[in-house]
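Shared between the two complexes below is chain A, which has chain B as its partner in the first and chain C in the second.
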Partner chain A sequence: MRVAIASGKGGTGKTTVSANLAVAWSRLEEKVTYADCDVEEPNGHLFLKPSIEKTEQIGALVPEVNFDLCDGCGKCGEICNFSAIVVLAGKPLTFPELCHSCGGCSLVCEPKAIKEIPRNIGIVETGSAGDLNFVSGKLRIGEAMSPPLIREVKRAIPANEHAVIDAPPGTSCPVVEVVKDSDYVLLVTEPTPFGLNDLKLAVEMVRKLNLRYSVLLNRAGSGDDRVHDYCRKEDIDLIAEIPDDRKIAESYSRGELLVDALPQYELLFKRLVDSIKMRFKPIQEETIR
Partner chain B sequence: MLQNSKMKEIVIISGKGGTGKTSIVASLAALAHNAVVADCDVDAADLHLIMKPKILHHEDFRAGYKAKIDPEICTSCGICYDLCRFDAVKKLDPAIEANNCEYEIDKIACEGCGVCSFFCPEKAIEMETPICGELFSSDTHFGPMAHARLGIAEENSGKLVTLVRNEAKKLAEETGIDYLFIDGSPGVGCPVIASLTGADLVLAVTEPTVAGRHDLKRIAELTRHFSIPMVVCINKCDLNQEISNEIENEALADGVKVIGKIRYDSAFTKAQIAGISVVEYSNNGVAEDIKQLWNQLEEKIEAL
Partner chain C sequence: MKIIITATGTNLESEVDPRFGRAQYFLLVDTETEEILPIDNDQNLQAASGAGIQSAEAIVKNEAEVLLTGHCGPKAFRALTSAGVKIVHGVEGSVKTAIDKFKKGEYQFASSADVASHW
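The block that comes next holds the complex of A and B.
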């Protein structure tokens, strides 16, 4: 089962929840992978301190033109919807950073003058932290598009293993890429106007994608009741709360895991594993039937 | 577009989310008296909750393409299915589907490349330009504001950010206002790059945590990559004094100055709940910290 941890708003505690949930789950004698798909700002390694066994350079395919073969027909420029290849005076010019790797230009080139070559967009690291499997992607600085790298991180998650997937903030393409094929989504929020506004956006997203989800409230008690009221009204399960506590913030600031620094939270996260499984189960049975 | 040569564009970003960017932008707008504000965090925009903009003008934002198969023309040859690299062509079960077409486009997965449409022998696939969001031009009690709403699960956030910035520049031009504050999104990818290319100064808001420090380094690398000067503000600076000092020293070693330190204070949350900026909510401690940040920032802007 793959559980994605997401939130519209940044800084609500996605990484805290993902890392601690993954560790608590692995302590229930199950094989679990933590996957950091927040490839623009991956932070999971700061808390899990994994030993990295493999670092893989990830390339996105971009066109390379062989001018000896090019007849200047201009079809590559016509098919490209991203202005990544433009033909000027019969000569194709490429802008690799705009390329979406659709392969159209090379398919349409009759003299076979366009070859697709990989362009480095970042790295995927794999390793382990104790009993936990660890996978993480890191986008190369200056690179705009994260979804191709996110796909590679997901591919590095061992099949038939449970996974906790740390998503980036927001509700647009990188987040959709992370959550769309997960089995369950946990939305992390905080009891503030910004927290609620962005939770509503995240709920709209998971509903549009037809995913199973519930909400975890972080820093409970720091704001007001608006998230509770909203969840009640919308009939959304609020399955766990982490209290607002300066001790948690301080331990987080040092890069400590809550389940180790403040052991009373190990139980909270183990229970969270159970609640997620319980909510996922009915669907599994339906599918089998 | 006309150019207001005096106009200075300051982008507020953080790498890591939740460091207090939006609260700080609202306070800076309140303190500057004379600024245009742009909310470029288009897929989780929150600034309007504090600025309470009165919308004067709005327009639909259309961008990119989505493929659409006409089931009447499609002969189910499967070429589109074979060519699509984004798994956006779904195979339907012909036994269940009543129509004669075996394929359908998954609009969320569709990247809009047009390969399927180009190679369809029956010309059964059309590329449509969808509405991806809305762009707003507004008035607030602090001054003009440009903002947007990206549709749920939509793409092209970078293009929308560029439109919001252009709208804000136009507002600055029309009103003769010299400061433009841009509230950016978290991360270092497409919308962040779109919000900062060509800007005059970046104010990076960080926090003294291992994650804040890690992400600040990536933001510093990004601003160097695009040759934009950067200054730093450490929010919640007393949460971890040790890391706060380390951030300051590391920044200095990189030639980046920490121009503000804001104490850890519940006024940030309380002001948000009251729907006003921190400097309007409180007039001691934390508000003083933000005023000092603004004084330092204004000096820095004037020296640009």
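The block that comes next holds the complex of A and C.
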């Protein structure tokens, strides 16, 4: 089972929830992978302190034109949705940083003048943190295209393991890439106007993608009731609440896991694993039937 | 000579649009007759990215030799110069003024982009 931890708003506690959920789950005698797909600013390692066993360079395929073979027909430019290749005055020009690696240009090129070559976009690190399997992606500085790297992070998750996948904030392409093939999505939010506004966007996203999801309210009690009201009105499952507790902030600032520093939260996260499983089980049975 | 001026409207009195990729209109101007053909750039105004490159394509397709505009980024600059289009940036005021200044040779062709790339 793959659980993605997402949020509209940044700073609501995705990494806190992901890291603690993953560790709590692995303590229930199950094989679990923590996957950091927040590749622009991965920080799960700060709390999990993994030992990295393998670092892999990741390349995204971009077109390289052989001008001797090119007949200047312009079909490559026509098929590209992102202007990563354009044909101006009969000569193709490439902008690798805009390329989404779809391969369309090389497919439509009749004289076979386009070769796809890898362009370095970042790294994927794999290792372990105690019993937990650890995977993390790190986007190259200056790189704007994160989905191909996110795909590689997901590919590094062992197929037979449960996974907790830490998503970037927002609701754009990188987030969609993370959540789209997950089994369950937790949307982490906070009881503030910003938290609610961005939660609504995130709910729109998961609904459109037809994903099973629940909302987890962090820093509960610090703001107002607007998230509760919204969830009630929209009939959205509020799966758990993490209270606004100064002790959490203190242990977070020391880079500690809540499940280690504050035993009551180990219980909370273990229960959260059960709650997710309870909600997921009927889905599984439905699919089997 | 055929030149293109980025503009916020469709006639000689219109202001030069400081943006290249996301200009409202491209005015294709024949400098001899001062005849104007406006090209609507609505498609690129809405584009998420690559507006500069696609706008460069429009300039090349319309066979303009020179582009007068406010600002030009690195991708558009590369695309335009690779197709032999000469660029003047920093142009402001009305389209009419820009044409007159160009004809009097008061502009200098750019040797690089004048703004950074953005997404």
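Some notes on this structure:
Please note the rule applied: the second predicted complex is superposed on the first by the 288 of 289 C-alpha atoms of A that agree within 3 Å, B and C clash if a C-alpha of one lies under 4 Å from a C-alpha of the other, contacts with A are read in each partner's own complex, and residues count from 1 in each chain.
Here is the rule we go by: a contact is a pair of C-beta atoms (placed from the backbone, for glycine too) under 8 Å apart; a residue touches a chain by one contact, two chains touch by 3 or more.
As the structure is a prediction and not an experimental result, all values here were calculated from the model.
Using the contact criterion defined above for the overlaid structures, shared-chain residue A:72 touches neither chain B nor chain C, since it reaches no partner. Contacts of A:91 after superposition: chain C is touched, whereas chain B is not reached.
Look at A:100: by the touch rule set out above, it reaches chain B but stays clear of chain C. After overlaying the two complexes on the shared chain, residue contacts for A:144 are found with chain B and with chain C alike. Within the superposed three-chain model, A:130 lies out of touch with both chain B and chain C [touch as defined at top]. When the shared chain is aligned, chain B and chain C each come close enough to touch A:82.
Once the two structures are overlaid, the count of chain A residues touched is higher for B than for its counterpart among chain B and chain C. Contacts of A:222 after superposition on the shared chain: chain B is touched, whereas chain C is not.
When the two complexes are overlaid on their common chain A, residue A:170 makes contact with chain B while staying clear of chain C.
Within chain A, the residues touched by chain B in the first complex and by chain C in the second are 82, 144. Residues 49-50, 53-54, 56-57, 60, 75, 78-79, 82-84, 119 of chain C are the ones that touch chain A when the two sit in their complex. Across the complex, chain A meets chain C through its residues 77, 82-84, 86, 88-89, 91, 93, 95, 98, 144.
Taken in their complex, chain B has these residues touching chain A: 14-19, 22, 43-44, 46, 49, 64-65, 83, 85-86, 108-109, 111-115, 118-119, 127, 150, 152-155, 157-158, 185-194, 207-211, 214-215, 218, 221-222, 225-226, 236, 239-240, 243, 264, 266, 269, 272-273, 275.
Across the complex, chain B is touched by residues 8-12, 15, 38, 40-41, 43, 46-47, 79, 81-82, 100-104, 107-108, 139, 141-146, 168-174, 176, 180, 192-194, 197-198, 201, 204-205, 208-209, 222-224, 246, 249-250, 252-255 of chain A.
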